[in-house]
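In what follows, a structure is listed as structure tokens, so that the remarks can point back to it.
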Amino acid sequence: MSIKIGIIGATGYTGVELLRLLAQHPDAEVIAVTSRSAAKTALSDYFPSLRGTYNHLIFQPPEQASLNQCDVVFFATPNGIAMQEAPPLLAQGIKIIDLSADYRIKDVALWQQWYPFTHTSPEWIAKAVYGLSELNRTAIAQAQLIANPGCYPTCISLPLLPLLQHHCLADNQLLIADCKSGVSGAGRKANTGNLFAECSDNFKAYGISGHRHLPEIRQTLNLLQPQIGNNLIFVPHLTPLIRGMHATMYVQTKDGHNPYQLIADYYRNSPFIDVMPAGSTPETRSVRGANLCRISVQPAPQNNTWIILSVIDNLVKGAAGQAVQNMNIMFGLEETSGLKLTPLLP
Amino acid sequence: MSIKIGIIGATGYTGVELLRLLAQHPDAEVIAVTSRSAAKTALSDYFPSLRGTYNHLIFQPPEQASLNQCDVVFFATPNGIAMQEAPPLLAQGIKIIDLSADYRIKDVALWQQWYPFTHTSPEWIAKAVYGLSELNRTAIAQAQLIANPGCYPTCISLPLLPLLQHHCLADNQLLIADCKSGVSGAGRKANTGNLFAECSDNFKAYGISGHRHLPEIRQTLNLLQPQIGNNLIFVPHLTPLIRGMHATMYVQTKDGHNPYQLIADYYRNSPFIDVMPAGSTPETRSVRGANLCRISVQPAPQNNTWIILSVIDNLVKGAAGQAVQNMNIMFGLEETSGLKLTPLLP
Amino acid sequence: MSIKIGIIGATGYTGVELLRLLAQHPDAEVIAVTSRSAAKTALSDYFPSLRGTYNHLIFQPPEQASLNQCDVVFFATPNGIAMQEAPPLLAQGIKIIDLSADYRIKDVALWQQWYPFTHTSPEWIAKAVYGLSELNRTAIAQAQLIANPGCYPTCISLPLLPLLQHHCLADNQLLIADCKSGVSGAGRKANTGNLFAECSDNFKAYGISGHRHLPEIRQTLNLLQPQIGNNLIFVPHLTPLIRGMHATMYVQTKDGHNPYQLIADYYRNSPFIDVMPAGSTPETRSVRGANLCRISVQPAPQNNTWIILSVIDNLVKGAAGQAVQNMNIMFGLEETSGLKLTPLLP
Amino acid sequence: MSIKIGIIGATGYTGVELLRLLAQHPDAEVIAVTSRSAAKTALSDYFPSLRGTYNHLIFQPPEQASLNQCDVVFFATPNGIAMQEAPPLLAQGIKIIDLSADYRIKDVALWQQWYPFTHTSPEWIAKAVYGLSELNRTAIAQAQLIANPGCYPTCISLPLLPLLQHHCLADNQLLIADCKSGVSGAGRKANTGNLFAECSDNFKAYGISGHRHLPEIRQTLNLLQPQIGNNLIFVPHLTPLIRGMHATMYVQTKDGHNPYQLIADYYRNSPFIDVMPAGSTPETRSVRGANLCRISVQPAPQNNTWIILSVIDNLVKGAAGQAVQNMNIMFGLEETSGLKLTPLLP
């Protein structure tokens, strides 16, 4: 099978990562890349790392690109673009995987609280399937439009799914996600705060009063164990990594549950989720460049209290890798097709 | 005044940082530096950064150094040295500031659980004053032997002191300290795990099942609000900073307390504690190279729940700077003498 | 003495570094900081690292600042500002130290080739003294306007001055300066190329076909040994350091000269130049935060051929520190006043 | 085809990189990994990044490993091991690719000057083929023992081969290789100088008076253009990268040669050598994780003088990748088999 692929907004980090992953995919053929700012530039001039991999692709403005010949189009765009440009493609029957936030939140009013836009295609929100692959495999296989999850929601939700499924998180107890992200998560846009001389050798929290991924995480939690999202405290931090995300979660369970066992059982047949042995601590570099989430569970000294650690590469399982995983599911391919990547260490 | 100073074990990071700080101190004169491994090497050959600052000092083996001419001797040694080498100096009336853990834990049996030694001078443990300057100023002024706190205990305890003093932490509720440390905290000893190619671009938790600073932190907490230390969950992480420590704490208070106000009041006249305005988030580089702890308090959405952020430079307020601050207090100097340092940014 | 100081454009890295250095200067009083973009913001809100150091200063737009009450005004501005805003201050008799390139090149036509401006105050170029302190001490003491050197020109010129003074570089032989700079040298302006995720774990050359510091370096070389600047090949590289600059120079001398001896003699009484012993290699961190240039000379196997290594902190000896050194000279202070800084290591 | 492979000394960086590359190779089957220090440890416990990739391999002491069932054995060992342990395997007809320096230098006396060993199998030195793939393809295809080149020699020699082949480097003129290496080049052995807190935010030269790769580079140069190696000045630097090597070379050619054209012609059909367009500057991250060398040539202002830039990933084209490339050639596979890797950027 050769899936014809377009990528909209391929000048950012999720775009170039999609290109890296798709280059190694046996059934993928990227036929169009678009960008207004880089229009007419050869892809390999823009990203010299792709010299020799994509020699013939040239950035086109979206309206001139042959997107209607694509089987699937990825939006690797800032928020607010896909809600406008995806519907005409959807109307032609093209599958869409949106890596931005446009279709992630089911409650459009809530979405509009967190994003500074009036949603222009709310009718597609209900049809969109939230692309947390390990949660929604069946629906993804049938979907035309995938809302690919954010990196924090992926890193936090994956270890919690098995606990939520059993409704075993304690009510009225704190649920804390202390998260640390590499700087590529902020994108490739010029921004003083993300300069090397600002971020290197520096660590800080940010967005405590409200990060945009919070409603997305709450939505997933509440869907599986009603109301439990209200317990959540989510504190993101910026750490001097290029790639990598680490969630340290503090959870309390109802009596009689063993999170380690629940998580290990849930993911027994999930090729991209690695539940590590007792006493392990995952490190971000152990997933660098790979579509993996590694999880470890450690008991706290207090009753029914657990420390859950989870790492992903924010650009892979937290973005482009999960998007390709969803593509595989949508097209009936082996879920691991093109994604059997060994992490780059050191 | 000219305080004559010796530094034992000056080849490590806390040693070289003491040397940097004391070079700028108007009343300090370092007359002896010791090291077995570097004996007979000029200090400025060992640390070229000190060329021009200390041109005449030469490392001596401890037994040959003129330590008995010192007014104060700093131990910047691995654990287990000061307990042996400090007592003879103490017997001569020399003041000691021990930057290692040898005299920090009052319960010698507990100390021996966490450190692989039989304590050789337990009689000095009771006489030692725990050198958390902002807690123990009066006792420090009278002390002959200071047990200088660890970096994590300093970073965690400082913001909590005002809350503990009012016994306002809620009983039977979790008290979480999710901490992130730069790599210099692990010292200058050769160790595969601390190599550049292992730590750079990597983030991980470690020591979850029990870090040596845990009993030290608990001791401080319980001293001020009995039993509250049992609530503590302490998870340290290693982050790719040379210097810097960040504590993210999740605390629950009894009804009717405002931690921000308590902390601001407590530290009104403390020159090294900066309680930041509401909504601020401190960053580690904002204290780089300076003897400061910057603290911020943010309310969580849940009742009586607070996120407290605290940053220090682990080598300064977390080690050598606090040691010099204690020296100032012990010798009746201005507490800020030699320590009015502006952080290095960027 | 209390020198009243204004800083124009204090929101960048050289500005905040000036503020750090001047805070520790016994005779300096910063009375005005200006910035259009940050106007009305408290300095300590803009740079939290300065909380507690400068509590009362507020950024003002230049035209509203009380600059006419200053004894000296530093321009820490982008190129093209000082040439417009300095002359009115100069007309009032205020001393000016310009950290930008506006007055560095004596040949205004050449300057205009390299900078995209028509120079608006060429009459001041001839009066400006090039502030390479170790070269021009006497002239600096008499000057009203200092053109503070660029970082590359400082790092390259300092080790070469003694050789140029003796006209001992070989004619018609290559003179190579292979230089490596930290990212803060590019300033604090938002720029994709300087993002953490672009610069971290990456090394590259840039500006080979012509870097703006090239004519400045050539001017200094030719001034001392005519024509020798034409031999120069200057290749700058970007390396993932916040601060730090390293020049590796390959020089060939006429018969009978020993560069090590010439350099050591020349700098015998220069407090900020450290000529290291034979066989040493300076490292950038050995000058981090300090107004130092450390130099090492090593013979190459070939006749009369030498490898000269030189390191500075680009923000200190390469910018703000040298500016303060020049201020000291201009005001008849001890040259080291406020600048006896021990490098921050690690 | 399924090539049975053993890796001796697989606990270091070249070892784990070989494992990463071979995991993706369609014709490779790693059947034995050896290590004394890690014996009996599962490979995936030692390197958690390999969990899910190699679940069944366990480190064995070399003498217990089933190496005699291997078609090829890689030595990823410190220098001095292969010279002892390779000959018995060679005697059994097993092919050997030695990533250490044991068989690289043809002149055993010279080798013994640079390495602190008496060579124990000098009879194999003459039979060994120097595995610079682009130079020695034909001989490699016939060889039983490959001396895989060092990282600096690879990075320096590749761009020079076409010039040397035409004997077009000017006689009696300097040939300068100013090189910068990431820290993984120093290996995974615990060493204070390679600690994160020593190398991060630091840049320095090292080994100027004589780096072990110097005789290896000279041997290659002299082989192709006699005597020219004497012109070479080689200065290595350590830069805070995990991976990556950058050579900046200053060369002078005889009249009438255009290095850009010579290099482009020479490598027209070489899949792993990328000769970049005029005016380009390669960056190390553009080859991160890939078996590539990217080269750029820029004219200097002086006659017949050129700046040649070359980047490799020191662990891939500088070590494990070139080793796999050589394996492909030895076994008659497509040279790019398993090595069509897209660099990881950012």
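Letters A, B, C and D mark the chains as written, and numbering starts fresh at 1 in each.
Operating definition for what follows: a residue touches a chain if its C-beta (ideal position, glycine included) is under 8 Å from a C-beta of that chain, and two chains touch if they have at least 3 such contacts.
These numbers were taken from a predicted model, which means no experiment stands behind them.
S.K.: Across the interfaces B-D and C-D, which one involves more C-beta pairs in contact?
M.R.: C-D
S.K.: Since subunit B and subunit C are copies that touch, is their contact same (over half of the numbers shared) or different (under half)?
M.R.: Same; most numbers are used by both subunit B and subunit C.
S.K.: Measuring centre to centre with CA averages, how many angstrom lie between subunit C and subunit D?
M.R.: Here subunit C and subunit D have centroids separated by 39 Å.
S.K.: Would you mind pulling out the distance in Å between where the CA atoms of subunit B average out and where those of subunit C do?
M.R.: That pair's centroid distance is 36 Å.
S.K.: Could you tell me the distance, in whole angstrom, between the mean C-alpha positions of subunit B and subunit D?
M.R.: Spacing between the chain centres: roughly 45 Å.
S.K.: If a residue has to touch 2 or more other chains to count, which residues of subunit A qualify?
M.R.: Counting only residues that touch two or more other chains, subunit A contributes 13, 182, 184, 188, 197-198, 200-201, 240, 242-243, 282-283, 285, 288, 346.
S.K.: Can you name the residues of subunit D that touch subunit B in the complex?
M.R.: 13, 182-184, 186, 188-192, 194-201, 240, 242
S.K.: Sort out for me which residues of subunit D touch subunit A in the complex.
M.R.: 13, 16, 19-20, 23-24, 47-53, 184, 188, 200-201, 242-243, 271, 274, 276, 280, 282-283, 285-289, 292, 294, 315, 340, 342-346
S.K.: In the complex of these two chains, what residues of subunit C are touching subunit D?
M.R.: Within the complex, subunit C contacts subunit D at residues 174, 176, 178, 180, 182, 197-198, 201-206, 208-209, 230-231, 233, 235, 237, 239-244, 246, 248, 250, 252, 279, 281-285, 288, 298, 300-302, 305, 307, 309, 311, 346.
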